[in-house]
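Labels run A, B, C and D following the written order; every chain starts at residue 1.
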Amino acid sequence: MITDPRIYLSIAAVLFSLGVYGVITRRNAIGVLLSVELMANAVNLNLLTFGRFVTGASGQVFTLFTIALTVVEVVIGLAIVVLLYRTRSDVLIDIASELRE
Amino acid sequence: MSIEHLALVAWLTPLAVAALLLVVRPVRHTGKPAAALSVAGATVSLGAAIAALVQSSARGGEAVALTTPWLRRAGEVMADVGVYVDGTSVTMLVVVTTVAWAVQVFSLSYMSDETPQGLGRYYAFQSLFLFSMTGLVLAPNMLQFFLAWELVGLCSYLLIGFWNHKPSAAKAALKAFWVTKLADIGMILALLLQFTHTGSFGWDAHAAELLHHAHVTYLGMPLVAAVALGFFVAAMGKSAQFPLHIWLPDAMEGPTPVSALLHAATMVAAGVYMVVRAFPIFEHAHGVLLFMAILGAFTALMAATIAVVQTDIKKVLAYSTVSQLGYMVSALGAGSVMAGYFHLTTHAFFKALLFLAAGSIIHGVHSQELGEMGGLLKKMRFTSTVFLIGTLALAGIPVFSGFFSKDLILEALLHGTHHQPLLWLPLVMLLAGVFLTAFYMGRVLFLAFLGEPSEKVSHAHEGGLAMMLPLGVLATLAVVAGFGGSWLSGLYGVEPYHFAVTPVGLVGLTLALAGLGTSWVAFGRGAPAPWLATFTPIGDFIRAGVVDRGFAWGYRVALSGLASAVAWFDRYVIDALVNLFGVLALYLGDRARTLQTGNVGDYVYAVIIGVVVFAAFSQVML
Amino acid sequence: MSEFALLFPVTVFLILSAISVVTTRNLVHSVFWLASTLITTAAVYVFLGATFIAAIQLLLYTGGVITLMLFGIMLSRRHSSTTVPNPSEHQLLGAVTAGGVLVLFLTAIWRTPAFGRVVDVGTSLDVGNLFLSEHLLAFEALSVLLLAAMLGAIVLTRTSDP
Amino acid sequence: MTWTDLAPLGVELILLAGALSLLIVDLILPPGDKRILGIGTLGVFLAGLLATWTLPLDGLALGGAYEGDAMGVFLKRVFLLSGALAVLAVQGHGPKAWPRRQGEYHQLILYSVLGMSLLSGVRDLILLAVAFELMGVPLYALAAWQKRDAGAAEGALKLYLTGAVSSAATLYGFSVLYGLSGSTRIADVAAAVSAHPSPLLALGATVAVAGMGFKLGVVPFHMWVPDTYEGSPTPFIAFLSVGPKAAGAAALVQLLLPGHGALLGTVMELFLVLSAASLVLATLMALPQSNVKRLLAFSGIGHMGILLMAIATGTVDGLASLLFYLLGYLFTNAGAFVVVHAIREDGGDDSIDSFNGLVHRSWFLSGAMLLFLLSLAGVPFVVGFWAKLFVFMAAWQAGFEWLVILGALVSVLSLFYYLRVAKAMFMGTTERRDEVPMHWSVRLAVSICLIAITGMGLYPNPFVAVAEAAAKAFLG
């Protein structure tokens, strides 16, 4: 039986880093959103780890909240992406660079 | 009414007028009636100020105050607002209101070509300025002083840029505001230092004691010196001391009456006034005082040198103002409040007189170039007379006010050398300045009024009663103010002043006469003597002869050449150095803006880098 | 078999899925790899005793988010096709930065002395109780948030008004 | 649960009830005339403001995740005022530009203010996360409000993507803070941090704070600010540049300062560095701007640097100065943006050139803008001076002398660009002589801001006293 929460935390850290990698490298706005999902997933894993080893049921409660928050962000993010597509006919993020300097 | 109530009237009447003119558009847009209202306000203010002076004088300049708690922090009063009237502030109050009144009356005629809206705007700013300046003079503490100080700066900005169709005016306004604000950092830091260590913004002896006895040092300076230095840096900006004087000549882009009021008589003297007020603090800071003495003298000499080659009559007067402010600062640095303050008073009258007289000339000739003037004596007798009075006062010729105050400054420096031999240096510079002052003023006087009238001059005429009345009043004051010395010393509560003929005074007088004489030799015909223009033949007066040629050469190389060189240096090096700061900032800004690539990916990357930096920091620190 | 022996292959698959999410060149594949990641994570949740959340993850999160993403992809394409480009750039920069993040996080995790012990994670009843007692206000705020997000998404995407 | 549990949430309930009624009324109203919705929203904000004086808002609410105190009330007034000003300023523009979406616009503003309002007294990490999102999500939608405008979508995308990444970081940090302290209550977290500091806990705290820095827009989380400002409707920016920033600062205070600033200790030096970086970089980048909205955006980033300075002090004085600063900044910045909006409505294009010779066309707008700019620059007689002075005094006393000196230098440098706008207005020339047309709502909004900044500039006492009481109530 695994009794060291740091193992799970490390898995979460790997997921989070992969999310970071995706956020930096992806050019498609939806691709970036997917990477953000990975980061959020890492957070959930963290929370449940702490729930298992430190706090108990409240870890699951916190996770439910973060899942909901993530979904909300996806919803509004996709709406913006659709809007971007309508005005610029593409969703590659580097075409949205009219506003600068 | 009691003194403090009179002071309150003098302070708040212009506020009422300003508020009315600024807020109520129909009133502002009436033009002439708005102007009349403003002048009426200034008149009330002046009357109240004089009445306060009379009462205060009867009571020996005893300090009275009328204040109300203004700012509270943590339940304690941090600062009061109100009026503080003693011998020092009440005289300054009278000086300010007198000059402001004269200028406002003068402007009735001078600005008569403006549109009603423009005139209303002009007088709104004028009243606002008078309110701010009297608020500064009567300030019971450093905080109110600072607020008023900033507000006069704002008025200066608005008034320099008043003729907004001139790009040069807009640029000059910006520069003036910016340079003085830069200097104000000194004041903010000094205020922060003072408040942190004494818990008050007072400038009285009590605050000075606390500062003096705090055993804290900043940048190797005792606390009291750091505070004094901060205040002085701000004064350098407002009172145009080298190298922060660069805004003042440019400020001449404003209407001439504005130059007379703000940039000659009152606002620029605010820095000097501040040192006088805060002298309890300054007198503990010997290093700062020495610095002031030397810097002031250097400014005086440098500006006087530059004034010699200016061809614009207002520019001559502007550099002359810088120079005279240097005299005041130097006197204060030598430890003599009386000398510095006395000169401030007399200078306010005669310099305002000179500026307004110049305004009268400009109004008549429609030019500011000395080369286009000449022979005005025949056309403008009254203006010629008052300009002569102003010149003699500035040059330091006996009977006229400037003589007494300048004499006292020289004595103060000489006296100072007993304790501090280094003060010989500023003394010598100031004496050289005396010669140059007389010389350049003689030059203006002769070039403008003597000689043959030019085409432009032939149409010149006096500007009417509204112009002549203020000139007359100021001319009178420029003569009699010098005799008020002993009375003033009583009012300030310093050791009694009596005029006495002293060796250093005689040296100064000789130099002044020599300066006028030299300038008569050079410009006595109302135009530059021929030998000034060319190396070849000299006029009747000094025909041939090695001595004369030597004189000519000496003038061209030593004086004119030097002056041109200094002027060039001032224009292109000092100015550039101060501008460099701005240019560098702009350059950096232009580079920095390229960081803003517009690419979302870069923005997100910046966020991630921020997170990484935060995370790394947390791991390094633990 | 020990718990660790079970967890190890799951973790490997989890990480491989996650890597695929951020490297696949087809956006639709990315989405399905994300689904795979989320499902595998749900398996890890079971190891952590959070069976309730694992169920939620499978039913709502995976189902909902994946569907949303696919809708998003469809709405931002002119022709429906299963190959949607999902290009990457600056891979080296991304790898270095992400590596930095990983090293930092792992350092922090493993420098911290071992803590915690296995505790009772509670039933879904406990979760519900907590929801409606201690975190009632957050719960209510969340419902408002969902309403606001719905409103925002609708108003942005409807085409009937300018 | 009793009514007393709900009492501290009076303002939030009013906002919620208002938003829901708006939703229903919007459905009933014919598409042609929805003007009443804006007036109704104003009414909701006024009712909320009134409630801050009349209702007893102190105490714990609903299980202890939220606690009302004097600071919360102070902050709520700031949030409500920022919402009210933004809604007021849009009354002329909205019915013309997006007549059918007025109901949604106002509801979203109300939800966002509701989120802020919850942040003003949050005592729990979960509620903090939810309220932060509740404030932020409507802003994403509002930023993209001009749907046909590619710039709006782009600005919104920038806001959204940086926001989403930041919020992932924040949540990661929260998860660690929660896990190692064993509680979602901020007070327990603070206690754990000071009792058992560990590398992971420090990481959690800093990463959480870094994510929250996005909302303030401090360097290096600032890059969305100018682009989003440029692309979005100006009255909304009058809100975005004020309310959420104040709420972000409030959230940081709530997270960092309890337990004698235990969490603050982990990030204080970073705050000083970021404050300096924001001050310098923002000022430099503002210098070459020719678009007034971008100029004000960079100016805002600089102001956030000063906010960080105030938070970093962690003292009662610092917190009081922060609160006062927020109040002053609210009126100053909102006022400036409303003036920009008025010029835009008159056919301008947000460039400095469109301000040329404004003094001849509207004494009111040009005078007001001058005062707003001077207040932003920190010149006396308008509130900006006091706000800056108080922060500087608190920072000086906290020992950040070098930062104060830098701040003073930078504010003088900032005069350069503020005065460029002033110069255009007062010394620029324009052919046009017609009076700038102004909707009554714009005139009213500018007047309110003007009266507020000069009033607070001349007599800041009552406001300072309230801010001090609020700071004391929070820090004890």
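Going forward, a residue touches a chain if its C-beta (ideal position, glycine included) is under 8 Å from a C-beta of that chain, and two chains touch if they have at least 3 such contacts.
Computed from a prediction, not measured in an experiment: that's the story for all the values here.
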Contact-richer chain pair (by C-beta pairs counted) among C-D and A-B: C-D
Chain centre separation in whole Å, for chain D relative to chain C (CA means): 31
Averaged-CA centre spacing for the pair chain B and chain A, given as whole angstrom: 64
Interchain centroid distance [CA atoms averaged], chain A/chain D, Å: 26
Distance from chain D to chain B - Cα centre to Cα centre, in angstrom: 42
Per-residue overlap in chain A, given as positions that touch at least 2 other chains: 5, 9, 16, 19-20, 23-24, 27, 32-33, 49-50, 54-55, 58-59, 61, 65, 69, 72, 76, 79-81, 83-84, 93, 96-100
Chain B residues counted as touching two or more neighbouring chains: 593, 596, 598, 600-601, 604-605, 608-609, 611, 615, 618-619, 622
For chain C, residues that touch 2 or more chains besides their own: 90, 93, 97, 101, 104-105, 107-109, 111-112, 115, 134-135, 138, 142, 145, 149, 152-153, 156
Pairwise touch network: line, ring, star, complete, or other: complete
Of all residues in chain D, those that touch chain A in their complex: 125-126, 129-130, 133, 137, 140-141, 144, 147-158, 160-161, 164-165, 167-169, 171-172, 174-176, 178-180, 182-184, 200, 226-227, 230-231
Parts of chain A lying in touch with chain B, wherever the complex brings them together: 20, 23-24, 27, 32, 93-94, 96-101
In the complex, chain A residues that touch chain D: 5, 9, 16, 19, 23, 29, 32-33, 36, 39-40, 42-43, 46-47, 49-50, 54-55, 58-59, 61-62, 65-66, 69, 72-73, 76-77, 79-81, 83-84, 86-88, 93, 96-100
Chain C contact footprint on chain A (complex, rising order): 1-6, 8-11, 13-22, 24-28, 30-31, 33-35, 37-38, 41, 44-45, 48-61, 63-65, 67-72, 74-76, 78-85, 89, 91-92
Contact footprint of chain A on chain C as seen in their complex: 2-4, 7, 11, 14-15, 18-19, 21-22, 27, 30-31, 34, 37-38, 41, 44-45, 47-50, 52-53, 56-57, 60-61, 64-65, 68-69, 71-73, 75-76, 78, 84-91, 93-95, 97-99, 101-102, 105-106, 109-110, 112, 114-123, 126-127, 130-131, 134-135, 138, 142, 145-146, 149-150, 152-153, 156-157
